[in-house]
Structures are given as C-alpha cells and as structure tokens.
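Each of the next two complexes has subunit A plus one more chain, namely subunit B in the first and subunit C in the second.
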Partner chain A sequence: MSGALKKRLSKIATWIATFLLMIVMGVPGLWVVLSAFRPNREIMAKPAIWIPENPTFSNFAAIFGFGDAQVAIPVLSYFTNSMIIASTSTVIALMIGMSGGYAFARFRFRFKNSLFLGLMLSRAVPGIALSLPVFMIWSKLGLIDAKLGMIIVYVALNVPFTIWLIDGFFRQIPKEMNEAAQVDGCTRWQAFWRIEFPLARSGIAAAGVFAFLTSWNEYALASQLTRSTDSKTLPVGLMDFTAQFTIDWAGMCAMAVIIIVPALILTFLVQKHLIAGLTFGGVKG
Partner chain B sequence: MRWRAEKHTPFLLLSPAILTILFVVAIPLAFSLYTSMTPYKLTKPDTINTFVGLRNYVRLFSDDKFWWAFGRTILFLAVALNLEFILGLGIALLINRITWGQRTLRTMMMFPMMFSPILVGFQFKYIFNDNIGILNNALQALGITDGSIAWLVDKPLGMISIITAEVWMSTSVFAILLLAGLFAMPRDPLEAAKVDGCNPWQVFRHITLPFLMPFAFIAMTIRSLDVARAYDIVDVMTGGGPAGRTEVLWTLIARVGYDNSKMGEANAMAYVSTLLSVAFTYYFFTKLVAARRYMGGAE
Partner chain C sequence: MASINLNTVVKRYGKTEVVHGINLDIAHNEFVVLVGPSGCGKSTTLRMIAGLEDISGGEIRIGDVLVNDLPPRKRNISMVFQNYALYPHMSVRENLGFGLKIAKRPPDEIVRRVDEAADILGLTELMERTPAELSGGQRQRVAMGRAIVRQPGAFLFDEPLSNLDAKLRVQMRTEIKKLHQKVKTTVVYVTHDQVEAMTLADRIVVMKDGHIEQVGTPMEVFNHPVNTFVASFIGSPPMNLVPARIAGGEVVLADDTRLPVPGRLAGRVTDGQEVILGIRPDDMTPVGHGIHDSGEGAMLSLPVELAELLGTETLIYTRLAGQEAQGKMFDPRDVEPGEVLEFRVALDKVHLFDAGTGRSVRLD
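Moving on, here comes the complex of A and B:
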C-alpha cells in the first residue's frame, strides 16, 4: 500500500470515528430535547414516529400550570428554590474557598498536606451515606425542608473542590508580584485585591460555575432533606412525574430541558478555564 | 511579633472551611458511627439510647442481601471506571489527531460531565424503555428484533444499562484531562523516538502513556470523589429493582434507612460505603501526589 493511500485511509477512519463519537454523545440529550416538544401521544406511538409531526410548546405550558394541565407540578417554585439554594451556596463556598485556597497556595504551615487530604476525603463521603446523620441532626435543628438547611449542606459539599481549583489558580500567579506590591507600600490585603485577585478572577469564576452546577444537579441529599415546595429542588421535582405505574414522559422531558439549559450555558462560558484549573491545580505541586 | 502573626494566618484563612466541614461532615459522621451501634428506628425514637455495640455490623456481614449489593457495587465500579479510562484514552487520542473542529469537540465533551446524574439516568431510562424507548424502536425498525427487549428488567441487562449511563456521563472526565495531557506533551521525545526507529505502539507505550499517567490519576481522583453519584442514576432508572437485581450499596442504604426506617442498620451500611469511598480516594490521591513529585523532578 502506498504511503499516500495509507494516510488518506487513516484520515477517513479518524473522521468516521469522530462522527460516531458525536452521535453517541449527542443523540441521547437531543432525543430528550426533541421529545419535550412533542405530545405524549406521539411519544407513545407504535410504530415509532421519528420526526416530530406536531411540534408543540404544550408540555412546557402544562408543567407551568397553563392550558389543559393533567398534572399540576409546581415547577416554578422548584426552579426558584434551585436558583436560591444553588447561588447562595455558591457565593458562600467561593468566599470560603478563596480564603482557603489562598492559604494553600501561598503559605507553608504544619499539617498542610494532611489538611488538604482531609478536605478532599470529606468530599468522598457518599451523599446518601451522609444524608442519614444529617437528616437526624437537621430534624433536631428544624432544618429539614428548609432552604437554609440545603444551603449549609451544599456549602460543605463545594468547599473542598473550590479550594482545590482556586489553589491551582493562585499558584499560577508568581509570588513575586505580591511581594513587589508590598515593597511599593501595599499591605498584603491590598496586594491581594489589586494584584492577585484580578489575575485569578476568571479561574475563580470557573470554580463558581462548577460549584453552582454541583448544587444545581445534586439529588441524593436533596431527595431526603426536602419535603415540599418550600425547599424541593428541580432534580427532586423531576421524580414527581413518576407515579406508581405511569410516567408522564413528555412532562419529564420538558422539565429536563429546564434543568439542562442553565447547565449548558454556564458550562459553555467557562469550559476553557475549568480544564486549565483541574489540570494545573493537580499537576504543579 | 510579625512572624507570629504570619504563622497563624493560614489557619485563620482556613478556619471557615474547617468549621464548615466539621459541622456538616465530621460531626454527622461521628453521630452516624454512634447510631450504627444502636437499634435506632425512626418510628421508635427511644431506641437511639440503647447501645448494642457491633450487633448491626455482625448482622450485616451475615446478610446475603448486603453482600450481593456490596459485590454488585464493586463490580459496577470496576467495570465502569476501567471502561471510562480506556474509552477516554481512545477519545483523547482521536481528538488529538484531528485539526479541524477540535475545540468544538472538546466543548461538547464537557456537557455530559455537567449534566445532572438524575437527568442522565432519566435520559437512559427513556432510551432503554422496553415499550417506547428509542433503542427498541430502532431495533424493531431495522428488523433485528420483533419483540421488545426489557433492558431495565432482565438480569444482566439491567446492570449493563446502568453501566452504560454511568460511562456515558463520566468518560468525558478522562477524555478531557487526558487530552489536556496530550496538549501539554513536549514534542522532542516523540520526534527523537521516531528518529530512533520506534514503531507507533512503542512510542505510545513508553513515552505517551507514562507522560499521561499523572493526568489519569487526576481524573481518577476526581472520579473517586463522586462515584456515589451513581446512586442518582440507579435510583431513577430502576430504583434498585426489579426484585433487587440492580441493588447497589447506596440504594440499599436508602431503602433500609428511609423506607424501612431502620436507621441503626442503615448507618452501619453507610459507614461501610463511606470507608469504601474514602479508601478509594485516598489510594488515588497518594498516587497523584507521587506522580506530581515525579513530574516536579522532571521539570
């Protein structure tokens, strides 16, 4: 076989493999999105209807309680709960993470490595295992079915990873910059806000998005610690559609779209920084 | 005086983080350990004061149901993580080869990672549904089968379907980090090896792969932190059923603790699952630190 032909064949093989990869990655999500715009009748049809015949917004209207809703599920309050819980816990986790990440990036101290490991291991506790004692303690404290209870849990869930990421971003900034600013008469605090913080800002934003999505997507703890529209989040609410024997597929698909869209937008905005943060923080010791 | 202040600064900066973890993780875990040594039932609040030592653990370790769930969990993790690593490596090498649309593909790969596990579970529950799922519909349309295959009900198929969902969600973690490793890889050793007459497999085996290992450990560490997210997927897809065929440790904990309100036993099981996860994370974290040191030495 000639070299040119071989090269050509390998190029074609690469493209075919890439195409298959994109199909496997894209189709499942796309199918859910498409189904969100089809009536239940069409989803259940036998033989299957592949291309939507009557695209409709009625599924969305139905879950928000407009039109001839069969199931009234308070999606709007779930959405609000998710937003409040995820954004509040993200802001708090970021503040704690910045202060902790800075300590790891800039100081030498005793037990540094064990502390870092301890923080990471705390994150490894399975959500469902942690939910049992938290459930018992939160019921004593009156934090069950309260947004505050969820916010506290999610802050703790996000702190370790936020610290890991932010530690990595601060390490990329040469220590000398802060020292130079201090020589020029800044206090350490001022030097941090004027020099290091602006440089690490995009990385911190990426850590924030990661934290937000962790809370936005969490299910194991939320499913046990929330009860009603006071605090139920979207992932828990999705299970409302599953009755004992029937499932409202169209409604579930519509709600899935509502959960996906913010995740897609946020991921798209920060993907570059997130990859940099994960690898840099991990590799440069 | 100033030196003293410096010495305390890092602990001051870390105190909010430490306090949060103490309050939400460490103290509850200690309470969980105590509860696991009582016959506590949610329906009988007084039972929390009865101390029974290791009775729950003894009972657990002689229970077939527990060992089945435990074994299934280990099998699930072993199969899923190995598949994710191999597929992720393949995808990273593939994307590294293409020049056009590379960035778009990398962005696309971030999406499954950022999906809610509950959504991934739902998505595959929908795909694998025996009656209306796209998979059975496609198989029927292609004439491969007339009947409807009960993907989520039949014995090995249920676990396979769940593993598929898990692999779909998490392969990107490996692919993205390994791809970042490939991007960071110096060209010189590769060129040198080619000049010396190494074949592509030798180059891969002795130069590319060792260089990628730290990145693989980062991915493994990140994955080990949230392997228990698989609970969401199992819960939404099969709920551990039917007849316990897809029961893993995490669904069993929820069933015993919340549905049967046997908190004592559930906490004992939760402790086993926590130790499993922590040991797993610890192992990969030490590997990562070692790899980091090695890379540091190479710089």
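Moving on, here comes the complex of A and C:
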C-alpha cells in the first residue's frame, strides 16, 4: 500500500470515528430537541418515531400556560431566576477571578502556593457533599429559597476555576508590558485596563462562559436550596413535570430546549474568544 | 534632558543585598553604559532609576529632583526593554503614540510627533502593522521610537540588542549611536557586551557583584584598568594576566622568565612584591608585526600553539610561564603550530596589579 493511500485511509478512519462519537454524544440531545416539537403520544410510541409526524409548538404553548396544559409551570419565573442567578454569580466570580488571577500571576505574597493549592483542592470536593452544611447555615441565615443564597453558592463554586484560568492568561503576558505602560505614563491601574486586560480578554471571556454555564445548568445544589418561584432555577423546574404517577415528557423536552438555547447563543457569541482562550494563544509578539 | 545622580544606592531583596551603595553622577546628555557580567546588578540599577524597583537605601535624583518615591510615570524617563515589550494589540502607530495619548496630548500633535519619530527611525512604511507582523530589527526600532516620541529627560536601555543576530546587532548599534547624536538626551544603557560598551559610551561604568569597579571614558577604562577584573573584562581578546614577583627591578614569572619593570611603574613596586603582569594581546607581537614598535620593549621567545587568521591580523595562542596567553600578529604571514616566534612586549603598555588586592600598582 502506498504512503499516500495509507494516509488517506487513516484520515477517513479518523472522520468515521469522530462521526460515530458525535452521534453517540449528540443523539440524546437531538432526541430531546425533536421531542420538544411533538405530542407525548408520539414520544412514547413503539417502535420509536424519529422524525416528528405532526410537528407542533403546543408543548411550548402549554408550559407557558396557553392551551391544554397538563401541568402549569411558571417557566417565566424560573427563567428569570436562572438568568439573574447565573449572570450575577458569573459577574462576581469574574471580578474575583480577575483580581485573584492577577494577584497570583503578578505579586509575591506569603502562603501563595499553599493558597493556590487550597483553591484547587476545593474543586476536588463534590459540591453535593457540602449541601447539608450549606443547607443548615443557609437556613440560619435565611438564605434558603433566596436568589442571593444561590448566587453566593455559585460564586464559591466558580471562583477557583476562574482564578486558575485567568491566572494562566495573565502569566502569559510578560510583566514588561505593564512596566512599559507605566514608564509610558500610566498608573498601575491604567496599565492594567489598557494593556493587560485587553490581552487577557479571551481568557476572561472563556472563564465567564464556563462560570455561566456551570451556574445555568447546576441542579444538585439548587434542588436542595430552592423551594418556590422566588428562587427556583430552570433545571430544578424541569422536575415539576414529574407528577406522582406521570411524567410529561413533551413539556419536559420543550423546557429543556428553553434551557439549552441561551447557553448555545452565549457560546456562539463568544466562540471566537473561546477558541483563542482555550488554545492559550494571542499574546505573542 | 536631565542629569541623573545615584547616591549610595542600595538594593535588597529580602535579606540579600544585590546592589551595595553605588555612587554615580551622569551628566546631562551623557551616554553612560553600565557593563558587567551576568547578575552583577546592572538591570536592577537601571530599574531603580526607572522606578520599577523600590530603592532600599540611598537617593536617586533625576534632573535634581529626588525621585525615590516617585512612580515611573513621574520620572520623565522612557525605557527600552530587552524583549521590547511592544503592545501586541496595537498597531505600530498606536504603540508609538500610546504615551502621548495617556498624557492627553491633542490628536494633531500626537500624529505630528509620531510621524516625526517614525521618520527618524524609518518606520513610516510599517505604521499600520501590529508587532507580530514585524521582524526583530523592526520591533527593536519601534521600541526605540516609543521611547523617543515622548521626548523624555532620559532614555534607559536594558540590553536592547541582545535578541538580535550578530549582523543586525552591529547595525542597530550604529543606529543607536546616530540616534543619540540626533536626539540629544541623557542615556543609561545596560549591556554585558563590552564591545557595545566601548563603541557607544561617553563613559563606561564597569560593575561586578553589585559594586562599581570603575567609571571612565572607554579610552580610560581600556588603557588604565583599575584592577584585574576590569582589565580582563574590557578588551577582546582579553588581557593576558600572569602571576609574577618583583625581584631586583625585574618582573619574574613562574618559569623564571624576566622582564624589566616598566619605567613609569618603577617607583610603584617593591622588591619581593607578588604581582600580576597584564599584557594585552595587541601589545605582544612578533618582531616586525607590531603596532607599538617604538618605545620601551622586551623580548620573549614563545612557541605557537595555534594561529587564527582574522583578516588583517592573526591571533596567536601561546604559553607564557606555563599559562595560556595570546599575542597578535599584525600584517600577518603564515605561521605553523610549533614554530617559535620572537615576541616584542610593549613595556610602556604593560600593566602591573598587586596580587593580593588585584588593584593596579599605578594607583597606590
């Protein structure tokens, strides 16, 4: 077999493998999206029907309370809660992550390494393991079923990762950039915002997307700490579709689509930064 | 345009002191080069002048203003970094104009001054590129442009040429010299390359281990090194340094080779004194192939171990009192290894250092 042919075959094999992998990963998602547009009866049909025979928006109408709803769900409240909690906690986590990441990358201080290690180790503890203590403390502080309570939890969940990621980006920027800016007439603060921040922007954007998606999709802790429309988030709201004896699969799928779409839009909007961010490029020269 | 004065300046990192109370007065418009081996504190000293390192002790004045506690932006200096530190997200034009923009100069003035600097440095064609799209030499030029645009009181350079290849380095060295003649300003330039130091400096400051060993014009430092360190550091190839003893008005080497004590140093040494004899390769030349053939001289027969033709001269590796030594043959002819040559040592150019202190006996 000639070398060129071999190369070609291995390329084709790679493609097939990738394709199979994508199918395995993508099919459940596809099933959910397809099911959002068909009635419950068709979802439960055996053998399975793939392409909706009677595509319909009634599932969406139903969960927003129009038409013949099986279960009335306050989707709008959940959506608002999710939005407020995820955005606020992301903004706060980014602010802390930027300050912390910058400090770790640029300054020398006591216990720096232990502190960094501690932050990373905190990621090793599954959040759910802390849910009982958090629940007890939160109930003393009156933070159960409050957006603020969820925001604090998500900030804590995201900060170690954002610090770690952003630290890596600032570390890549030679400190002489900042010094050159200071000699050029900047205060340290100006040097940061005009030089180092723009150069680390991709990393900060990537950290932001990760933080947002983590908060947006989190279920375990939210299911413990939220109760009502005051604070319930979309993933927790999904469970509203399970009644004692029935599950409204159609409604659930429609709502899942509602959860997925903003995440997709966000990822799409910052994808350029995300790719630059994940490949750690862009600061050469 | 500013003078710079360092008064017993000390730098400590924690408990380790790396700069030990140095004194230096740099005149207005002077080009001063700090030179010394790696780790001797050149960069640290420069960065203290720039305000990028705290000063642990002593005083620094720029243009008679005590700057110890002023941030870099208030010191009226600009700096060129070893890695250039161009802003990668800005075009060449924006890089050059950044300082003026921060200083809130009017836009038309910024354009005018940036164009002026670009013109001086031949950057006019490159204004819209980003640093990533430039060659090493071009980046170097942008870094210098950024420094001159602001018309500061002093330029600080930290090994600006060390990232360039040999040919470009020589070219840029000349450009920096020209630039200084065009843009008269005080310059403090750090390098560990003594050729750069010799060619650029009005005055050279030779540093070692956080101390200043000698300050002087290139000529002074080359012709009258104060100690063996300066003698061996300045000049290429380095000065031959051979241990010897003074006996009966002669310099006696380990193998009993004898040379007369040069007349100008006769009163400076005492019988029995342990010394180090210093001879530059240029001053140890085969008879008929020297450049100092008049004046006091002494003859040595030495075997050739290796000869390197450099063009107008040949570098001859030989052995003097059991120690490796180099001589030079100007207007060279072919020489074979093993051949014994009659070398003439120009005694009026020879140095003697005290073996204990390393100091030139001329100074005692």
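The rule is short, and it goes like this: the second predicted complex is superposed on the first by the 252 of 285 C-alpha atoms of A that agree within 3 Å, B and C clash if a C-alpha of one lies under 4 Å from a C-alpha of the other, contacts with A are read in each partner's own complex, and residues count from 1 in each chain.
What we mean here is this: contacts are C-beta pairs under 8 Å (C-beta built on N, C-alpha and C of every residue); 3 or more make two chains touch, one makes a residue touch a chain.
Note that the structure is a prediction, hence the values are computed from the model and not measured.
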| item | value |
| --- | --- |
| Subunit A as common anchor, with subunit B and subunit C clashing or fitting | fit |
| First, second, both or neither for A:G65, with subunit B first and subunit C second | neither |
| Contacts of A:G26 with subunit B and subunit C, given as first, second, both or neither | first |
| Subunit C, subunit A and subunit B - angle at the middle CA centre, rounded to the nearest 10 degrees | 90 |
| Subunit B versus subunit C, judged by how many residues of subunit A each one touches | B |
| Touching partner for A:A180 - first (subunit B), second (subunit C), both, neither | second |
| Where subunit B and subunit C come nearest after superposition, their Cα distance in Å | 6 |
| Residues of subunit A contacting subunit B in one complex and subunit C in the other | 282-285 |
| List of subunit A residues in touch with subunit C within their complex | 174, 176-177, 179-188, 190, 194-195, 198-199, 282-285 |
| In the complex, subunit B residues that touch subunit A | 6-7, 9-11, 13-14, 16-18, 20-21, 23-29, 31-32, 35, 91, 94-95, 97-98, 105-119, 122-124, 126-127, 131-132, 134, 137, 140-141, 168, 176-177, 180-181, 184, 214-215, 218, 221-222, 224-229, 231-232, 235-236, 250, 253-254, 257-258, 263, 266-267, 270-271, 273-274, 277-278, 280-282, 285, 288-289, 292-293, 295-296 |
| List of subunit A residues in touch with subunit B within their complex | 14-15, 17-18, 21-22, 24-26, 28-29, 31-32, 35, 43-44, 47-48, 95-97, 99-100, 102-104, 107, 109, 112-113, 115, 117-130, 132-134, 136-137, 152-153, 155-157, 159-161, 163, 213, 216-217, 219-220, 223-224, 235, 238-239, 249, 252-253, 256, 259-260, 263-264, 266-268, 271, 274-276, 278-279, 282-285 |
| Sites on subunit C touched by subunit A in the complex | 50-52, 71-73, 77-79, 81-83, 85-89, 98-99, 102-103, 130-132, 139, 146, 150 |
